[in-house]
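Read the structure below first, then the notes.
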Amino acid sequence: MLKKILIANRGEIALRIIRTCKEMGIGSVAVFSEIDRKSPFVYAADEAYPLGGITSQESYLQWQKILDIAKACGADAIHPGYGFLSENADFSEAVSAAGLTFIGPPAQAIRLMGNKTAARKLMIAHNVPTVPGTEDAVQDVQEAQKIARDIGYPVLVKAAAGGGGKGMRLVESDEQFAEAVEGAGREAQSAFGDGSVYIEKFVEEPRHIEFQILSDANGKTIHLGERECSIQRRHQKVVEESPSSLLDEKLRAEMGAAAIRAAEACDYRGAGTIEFLVDKHKKFYFLEMNTRLQVEHPVTELVSGLDLVQEQILIASGEPMTRTHSLEQFWGHAVECRLYAENPENNFAPSPGTIVFLKAADGPGIREDSGVTQGSEISLYYDPMISKLIAWGANREQAMNRMIRALQEYEILGIHTTIPFLIKVMEHPAFRSGNFTTHFIEEYKDALFTPTEETAETAAFTAVLDYLNEKSRIAIKTSSNGKEANSLWKTIHRSKALRS
Amino acid sequence: MLKKILIANRGEIALRIIRTCKEMGIGSVAVFSEIDRKSPFVYAADEAYPLGGITSQESYLQWQKILDIAKACGADAIHPGYGFLSENADFSEAVSAAGLTFIGPPAQAIRLMGNKTAARKLMIAHNVPTVPGTEDAVQDVQEAQKIARDIGYPVLVKAAAGGGGKGMRLVESDEQFAEAVEGAGREAQSAFGDGSVYIEKFVEEPRHIEFQILSDANGKTIHLGERECSIQRRHQKVVEESPSSLLDEKLRAEMGAAAIRAAEACDYRGAGTIEFLVDKHKKFYFLEMNTRLQVEHPVTELVSGLDLVQEQILIASGEPMTRTHSLEQFWGHAVECRLYAENPENNFAPSPGTIVFLKAADGPGIREDSGVTQGSEISLYYDPMISKLIAWGANREQAMNRMIRALQEYEILGIHTTIPFLIKVMEHPAFRSGNFTTHFIEEYKDALFTPTEETAETAAFTAVLDYLNEKSRIAIKTSSNGKEANSLWKTIHRSKALRS
Amino acid sequence: MNVYAQFNEHEFIYDTFRKEDALHIVLDGQESAFDLAELGNGRYALIKNGHSFLIHLLKQNDVYHVHVNGAYYAISVEDERMRKLKELVAASHSGPAEQMIKAPIPGFVLKVQVEAGQVVKKGDPLLILEAMKMENVIKANCDCRVEEIIIQEQEAVQQNQDLMRLVTVDKD
Amino acid sequence: MNVYAQFNEHEFIYDTFRKEDALHIVLDGQESAFDLAELGNGRYALIKNGHSFLIHLLKQNDVYHVHVNGAYYAISVEDERMRKLKELVAASHSGPAEQMIKAPIPGFVLKVQVEAGQVVKKGDPLLILEAMKMENVIKANCDCRVEEIIIQEQEAVQQNQDLMRLVTVDKD
């Protein structure tokens, strides 16, 4: 078993990994930027060493420094978390070359799955469905139409040099095809000076569904069921859950088997995620593989009973995994909400600042993976995700209800967070029905961004009380010649109170 | 389904019940003493009404006031929590007489099980084992010896009028019996003026193991497995867990069946607990029934996936329970530690005061049911239990390791708590082995109350830094003639820092 | 005395007065019985007609930032006297009012979407500020004309730095 | 200058000095490289020779109450000068020292377990104070003689109220 692990990351995921290290009796080493000196993950670790620097580039991406620290402090492994160096094949290689264990897949698997075209070819070769389409641009309309018929309508015609919707056409039937290709080509020619176009299957009512896989030291691969991640904003996941309301046992078995084939195809080791798109006909297509721990891994942990970081460490140590079979029965249902230091009322503008008060939600079914505490300063230098709130329920409804309850009681002062927005997502009928697509936020934005009016009068009432209190204090101050005045509340608030 | 529930309780259990109400879409009403105006359970409830008064007698035990509030605010039920009015048959009757639903068993069941002698007779009649012994005092030695032989040695000979160990003898074999009874009788006669004695089975290496039961509106009863509650201090449970390391499937089935018989015997409704003592031969004896929700109910919730408050509300509403069969398979393992505002270094003296900083533990497997927050004042008027920390793990070892991790990272400043003591319990080899009795704390007190030395030097070092900092500040202040001085840390702490 | 609390398009008009040493607050003819307990750190426990709330309240630049049950409100409060004073000032003020658009956060000017002299409507995008790897659209807060563009594309800006000067467009 | 930190029976003797504007702290010949960051609310992040700790520190009546990793320590600190000063005071002090036993918490005197004039050893129970439904044994903190019993059984007492006066027993 590994003895001491350096965590080359920060925030909630660094803390998450440190906790499992503690629970397994393994030493943990934090490295930190100047900004992060006072962060919880630094004081939670057994050891901590400064990287210097402020930006990610100056700190968490400084591999050589990280490797030097790992060697100097006697760590025998490096856990990269997610982001930063986690999908950097060269780093993975450098760790191994330094005689340390990289807690993640071999460099070769990272490299293969990091290259979109190569990964796509590999998946096709291993019978994992990908979104059908032409690899290269087509210029001959008839050839293109033949491909479109093979793929099946609707298809997208996309400018090879394109972007921003220019030179793009949605084609629903064969009759529209020729005209659409010509129109797209003309538009592309005039916009980009290149009239060549691709053909791609149009995924209708897409859902983002991913499978967690684990491959042990011998390459034996199991899956731990799916995560539903369709609630996205600008391609960033916002809410995740497991299981998905869309999948039945048959589809789960098919997708799970495809996920295992995908992992085996790249000779994977450790924990990884196969992302799929599923269309309205429940056809699924490989999107990409994330060769690392996923932000949303806790929902899988709650429905499987596993600690995925522990599994990563066991696999990296060459020990057997806890499970040897894929997950077929879920223990209830889990939902995760990502808490960002952003202001949803102002187009999700970052909200840096100091957390002046923090009281997290607790009680039945609530888990939090937080990276901050009261007094933490949220800077502009790193990802604004400060915490993940995860609710477990015996069924989906209970999990959602618990999440709403927890979001409503979560107290955080000094910065804006996405909590008001998340409550609206959780309460939205489309979300509650389980019937939604990756377009959910765009589709329902009117409802999701309308301020709640339920408690508006109560808020106004309190503001008025504070206003009157402050004014009367000023008045007293003036009349009593600058002497410190007492709050009027002390005298007024009880007098009318609770008499009725 | 019930629409609005008044919670006739305070602290963590009031908050616990309010949360389930919210999750079920049921209105919640808090009632509070003057001391509790600012408590989290008050502002968490949908409605809140003052009871006035300070002591329990003046507030939470004022039934008539509570009933009046319930009627005035349109509540249709009262949940009594635990303690206070929860096992008061007269109150239960008064609630029903007022046309409201009492969330608990019928008054008759409370009354029956509240009377020790009646309950014992009922259990014997229903084939639930009780600690064997004589109901009445025996004065004839030979008759007593016959009973002792029937019970089986060892037995206790106890003065009928006794107490404090006077007139008590442990008898291990038949030969010692006559002399012991005579000795005890003489001692009792001289101490209490009454020489009559009882005979009772001596329970060797006793463990406190209790079964959670649920009885639906039709009297159909199931059990949800056991809780191990042997870690006690002055008959107060300190740590609880489920399942127990002692029970195998056979014993669990036997005890579970006995628990169901006990509940059926008193025509029980709702959630209840049958407490047993189990001796070193794995013989079990009925101790008492708690006709209410138990403090330690969360460990059962975690291993069963049920919300016991929800089950109570369903049953009280006449709805079917979620489960219809007893729990046979546990989902992992759960441990609960009760956090008291007490100073374990000073004989568990109460530690009232204001919580000036609070950051609870979070992360995988950790649930907290807390009744306080930063800023809360802990008074001397009520029970000093402020929170319950519950850890779930795939197995007992992981649950214990997570609990230690959580206790170590739990931050609470301003009052003393039992956290340092709880860590020692969790780390103790006897606790870890699963092989312990109700005498655990007494037996291992030397180890449990020895201060930890591991981090003593680090604590001393920090105190010295603060001492030097304060002194240099005074020095600067003096030399610069009262001008506000800066902390020396700003200049010193980095200079030597982290250079090595 | 009337006190006005505004939140988005809503306005609540409270009639407030003192009688027998007690503060009375009336909305739409309904008086509220209330008890407000201060918990510190901007936290308040409010009981209003039996309903119980935990409220976070922070006053900043004359705006009350209020959180209740996870919802967030930005509320402006003024009383009769202040409102009349404001109206007088507005009436006596000749010529268009000037508005300075400032950077709400430190960032990087990705794109300027207007030109000097351009007339914009309230809510129209003025520029895109990148911060924390996110694009933030800065919008016009009135019907205005762009008087001066102070920054340039690709420029890094500090919090509160002046970005653009607008003048309100006379609606008459 | 030596600084002494005491915790139970342990004493750590630190050699502290300033050189090149930096504070040096040496224990048993080993110097520690350290970085102490104040987090507010009595919380400190300490890194000492690479080891990282979160520390809660609260000074009360000359005792440092310190929490590290869930463990609790009550630590007294004094430096060379203070220690010498104390010794001088102690030497010059004639006659037995007086000790006032005060109520550590508000409560109710359940039982007085000593009599006036009685000689007690350090750790012997003096009285039982009931508070929060719990019995709390107040113990002698030195080898003493009970000089005066100020309270009576069944009496309610406030925090810090005088309970008993003891005088130290001369050991010579």
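Structure notes:
Letters A, B, C and D mark the chains in the order given here, with residues in each chain numbered from 1 onward.
Everything below uses one rule, namely that contacts are C-beta pairs under 8 Å (C-beta built on N, C-alpha and C of every residue); 3 or more make two chains touch, one makes a residue touch a chain.
Everything quoted here is computed from the prediction, not taken from an experiment.
In summary, the chains found to touch both chain C and chain D are A, B. Simply put, of A-C and B-C, more C-beta pairs touch at A-C.
Chain A and chain B, compared by their mean Cα positions, are separated by 39 Å.
Averaging C-alpha coordinates per chain places the centre of chain B 32 Å away from that of chain D. As a whole-number value, the distance joining the C-alpha centres of chain B and chain C reads 50 Å.
Residue positions of chain A touching 2 or more other chains, listed in rising order: 44, 49, 357, 374, 408-409, 498.
Chain D has residues 35, 37, 41, 43, 46-47, 50-51, 53-54 in contact with two or more other chains. Residues 35, 37, 39-41, 43, 45-47, 50-54 of chain C are the ones touching chain B in the complex. The touching residues of chain C, when paired with chain A in their complex, are 3, 5, 7-8, 10, 12, 14, 16, 20-25, 27, 32-38, 41-44, 46-51, 53-59, 64, 66-75, 77, 79, 104-107, 131-134, 136-137.
Within the complex formed with chain D, the residues of chain B that make contact are 342, 345-352, 356-357, 380-384, 407-411, 413, 416, 419-420, 423, 451-468, 470-471, 487-489, 491-500. Those residues of chain A whose C-beta lies close enough to touch chain B in the complex are 15-16, 19-20, 22-25, 44, 49-50, 298, 301, 305-307, 322, 331-332, 357-360, 362-370, 373-374, 394, 398, 401-402, 405, 408-409, 498. Residues 30, 37-38, 42-49, 73, 374-375 of chain B touch chain C in their complex.
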